[in-house]
Amino acid sequence: MRLEVSCLIRMACSQPTAHLLVLRPRSDVHQWIVRESYVLSPQVPATEYMDGFGNLCQRLVAPSGAFSIETRAEVIVATGVDTGYGEPYVPVESLPDAVLVYLLPSRFCESDRLGAVAMEASANQRLGYDQVAAISRWVHARLRYLPESDPMPVAATEVLARGEGVCRDFAHLGIALCRSLSIPARMVVGYLQDLEPMDLHAWFEAFVGGRWYAFDPTRPQDNKARVILARGRDAADVPVFNQFGPPVTPSEMRITVQVLAD
Amino acid sequence: MRLEVSCLIRMACSQPTAHLLVLRPRSDVHQWIVRESYVLSPQVPATEYMDGFGNLCQRLVAPSGAFSIETRAEVIVATGVDTGYGEPYVPVESLPDAVLVYLLPSRFCESDRLGAVAMEASANQRLGYDQVAAISRWVHARLRYLPESDPMPVAATEVLARGEGVCRDFAHLGIALCRSLSIPARMVVGYLQDLEPMDLHAWFEAFVGGRWYAFDPTRPQDNKARVILARGRDAADVPVFNQFGPPVTPSEMRITVQVLAD
Amino acid sequence: MRLEVSCLIRMACSQPTAHLLVLRPRSDVHQWIVRESYVLSPQVPATEYMDGFGNLCQRLVAPSGAFSIETRAEVIVATGVDTGYGEPYVPVESLPDAVLVYLLPSRFCESDRLGAVAMEASANQRLGYDQVAAISRWVHARLRYLPESDPMPVAATEVLARGEGVCRDFAHLGIALCRSLSIPARMVVGYLQDLEPMDLHAWFEAFVGGRWYAFDPTRPQDNKARVILARGRDAADVPVFNQFGPPVTPSEMRITVQVLAD
Amino acid sequence: MRLEVSCLIRMACSQPTAHLLVLRPRSDVHQWIVRESYVLSPQVPATEYMDGFGNLCQRLVAPSGAFSIETRAEVIVATGVDTGYGEPYVPVESLPDAVLVYLLPSRFCESDRLGAVAMEASANQRLGYDQVAAISRWVHARLRYLPESDPMPVAATEVLARGEGVCRDFAHLGIALCRSLSIPARMVVGYLQDLEPMDLHAWFEAFVGGRWYAFDPTRPQDNKARVILARGRDAADVPVFNQFGPPVTPSEMRITVQVLAD
């Protein structure tokens, strides 16, 4: 299907502020970018590079005063996500080299602390996809969803202690639990059709049966279309909107997702 | 300044034909992509990856029958190219690791065959930028320019023997001569403002004084704006339009470059 | 100078256990590996790849029963470490792309939590090298050193709360404080001449004045030679000795560092 | 089995001469390096990096006067090479992204010139492994083997015209013919057990049936053990021994391969 997604960020900085952003989606096997735009107002010098996870990262210095970033993309994606019940666990020694990094603990996914919880969440499941699906359901059942976005991420153990969180927190807990079982898992940030209230969204992917599958512990029943902005080990690796220096809260952040054609 | 560039390719394949394309420009330190589109008609599955030179490469199978690819981009670039007369030669042992690959001979730049010519073309010049500038002028003076494009590239020694060629051939000879002097050089393919007749264009970059500088042996006096599509060691590394299987000649290939604002 | 370093690990696994190791040092600008060996006993199939930080990573499955890994290297390194008092802070917008990842918070370096402490630790210093040197001294003064090694790393905020730690913890706190000031910093694991008691050692590097400088908050006065095994964002990125499945504590881990010639 | 391989190069430079070398074998899925050494005499500063093909490349400046490089490695490898008769051709659109670069023409493998020859050499074969095996036999039958090494490589079309060549030339022709059939192929340089006269050796790998298989058109019947030093698109990508500036011919180059255990 064909979606149009957009992200508008307005801010007012009291001094020039360096930004690192990941707001330009890339074409890959999941999605084809038919057209996209990235408009800075006022226009300031900006550059772009690809990080170690394959994300296009934009660098710029927001000037003093009013500044806005508006990105927009028309994207062809599959409807919904693939499922793979029964797909087997891949033993660590058989994982591709490039996948191993997603087994290690990371800033917000302290998988080295959650082994017992992961066993409980995935009890009585076939090893592999079914374990991850059970973890995703368990996270969904265990956490209360906070619709308002929270600027300060916390790590998975703290998410669990709080018993509530935003989509990013749900994803972090899911990822950490998978890694505790030696299942590679990574963060995905992007757009989700019909999200309510509309915002950027976060979910996760796990590597079972020889490929990556998507899981969304915030909305496990949902089979809506998704546009991916960035992937990484967790939110710390995916600086969708990152500032250096005195923090500036955007005065406006408006996300849209619109279906253009099925 | 702000340019709009476009490329339209129409073809008719007698059988499904795999393509590898490099037609989506990337933002980097040279240029900022404000908006771009990549439209396939009919829409077929397509994917994209980044190659070892940092180019975004598109993969698709053109269907039997009429097929078109139309790309378009609005780009902010500097006017003209930097010059660096007097910038010194960088000894091989001081070159960055990532630059060394551009010293080695490649498919169309057999620098291992052109040492004597390179000495002649750069005689009496200060080592470094001035040598490359002399090579660029020498190539321009030595070769007759063929405006029609030629689908079959030939190597630099053959270009020299023929005494004529298209922009790509001029670039290959320039690159091969630089490498003969142990100056790293690489191919650039993109758009050039006011090219006559309008087409995709090829020029080259050489590494002197600690950075890459652009040189255009086809149009050495020109100080027009350029949009970069791809870089590589030579045309073989830069498959802007590459087919596998029985070759299909595009029935139409139309390039435009338009100044939107200075 | 010329050092010989070695690492012997003995273990007994109750079941075959997948390992990920980073025990083979690489030649680079810091060190030249004259000879090295990596002996498994019994010999089992093993493979190696390079991770995203440039480390050579070894993969193998330790068999049930007694197993040992013995690595040894003869290495030429500079004596001591370079210092750069007065080297300036590099503003975020001027950092090389590849360095930015070392600004982001990571598993054990939650730089997003330590801004105020970093200001205190580096108060009244010139921006850049001198700030990092002050942080290194501050960490040294603030933490009590625990010579025994601790298998379970904790994050920098917890290190600070405990007021004590092993060399890895000292490094984590130093790194986190640097990143809080927008100074890129990364973990280094390796061998240190004359360490007492001898063990693998951890320190850190910070990027100021356009290059990386080494700092050792555990032993700030020391100007001994160092052999580097691995670099990364923190200990989670540097799986010098990493197991998957039920943990197996080595029954013996013996490290040696010997000066062969000055 | 367990082999010891060594390479000794002696030279006398009239002036300091920059070298780029690929003489340190790496552990990977094919081979495990148990121990290796890389001795420069006199010892000069040297550094190492990994190129885009995964080879460890050494950089150094050979001083004026006598200089030697001696490398040695003890390596565990499989005996012989895998064969895969019947393994199918992988259509271009199904190839992994990273493999595509080995379809493009390169300095010494001008696959864009050899389509008709490739059809002849592989006539009546099942698509895939069997085509490559036929090409390897065809090259072997068609070319006369020159045991003495030739410092100046020539391209595949020239090899074919000459009707003779060294192992590198056999490999180049095999690679070019494979790529003409849209089968990815790459150069391998290394050591071959029982080669007569002993020297470094070159062969090639082709990607069929979802993996790389080795082929040796110089010695097609041989099922001896091999140690890999480097891989690339052709000899231009694999600068096993590369000088910049006035060429210096080694006064001695001695290669050994010895079986330590079966």
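We just call them A, B, C and D in the order they show up, numbering each chain from 1.
The working rule: a residue touches a chain if its C-beta (ideal position, glycine included) is under 8 Å from a C-beta of that chain, and two chains touch if they have at least 3 such contacts.
These numbers come from a predicted model, not from an experiment.
**Student:** Treat each pair of touching chains as one step and give the shortest count from chain B to chain C.
**Tutor:** 2
**Student:** Report the chain pair from B-D, A-C or A-B that duplicates the C-D interface, where duplication means over half of the contact pairs agree by residue number.
**Tutor:** Comparing residue numbers across B-D, A-C or A-B, the repeat of C-D turns out to be A-B.
**Student:** Based on CA centres, what chain would you say lies at the far end from chain B?
**Tutor:** C
**Student:** Taking the mean of the CA coordinates per chain, how far is chain A from chain D in Å?
**Tutor:** Each chain's C-alpha centroid was found; their separation is 43 Å.
**Student:** So the centre of each chain is just the mean of its C-alpha atoms; given that, what is the distance between chain A and chain B in Å?
**Tutor:** 36
**Student:** Chain A to chain C: how many Å between their CA centres?
**Tutor:** From the centre of chain A to the centre of chain C is 29 Å.
**Student:** Where in chain D do residues touch two or more of the other chains?
**Tutor:** Chain D, residues with two or more chain partners: 49.
**Student:** Which pairs of chains touch each other?
**Tutor:** Applying the touch rule to all chain pairs gives A-B, A-C, B-D, C-D.
**Student:** Touching chain A in the complex: which residues of chain B?
**Tutor:** 24, 26-29, 32-39, 43, 45-50, 54, 56, 58, 74, 76
**Student:** Could you list, by residue number, the parts of chain D that touch chain B in their complex?
**Tutor:** That would be residues 18, 20, 49, 51-52, 57, 59-61, 91-93, 97, 100-101, 103-107, 110, 112, 152, 182, 236-237, 239, 242, 244-245 of chain D.
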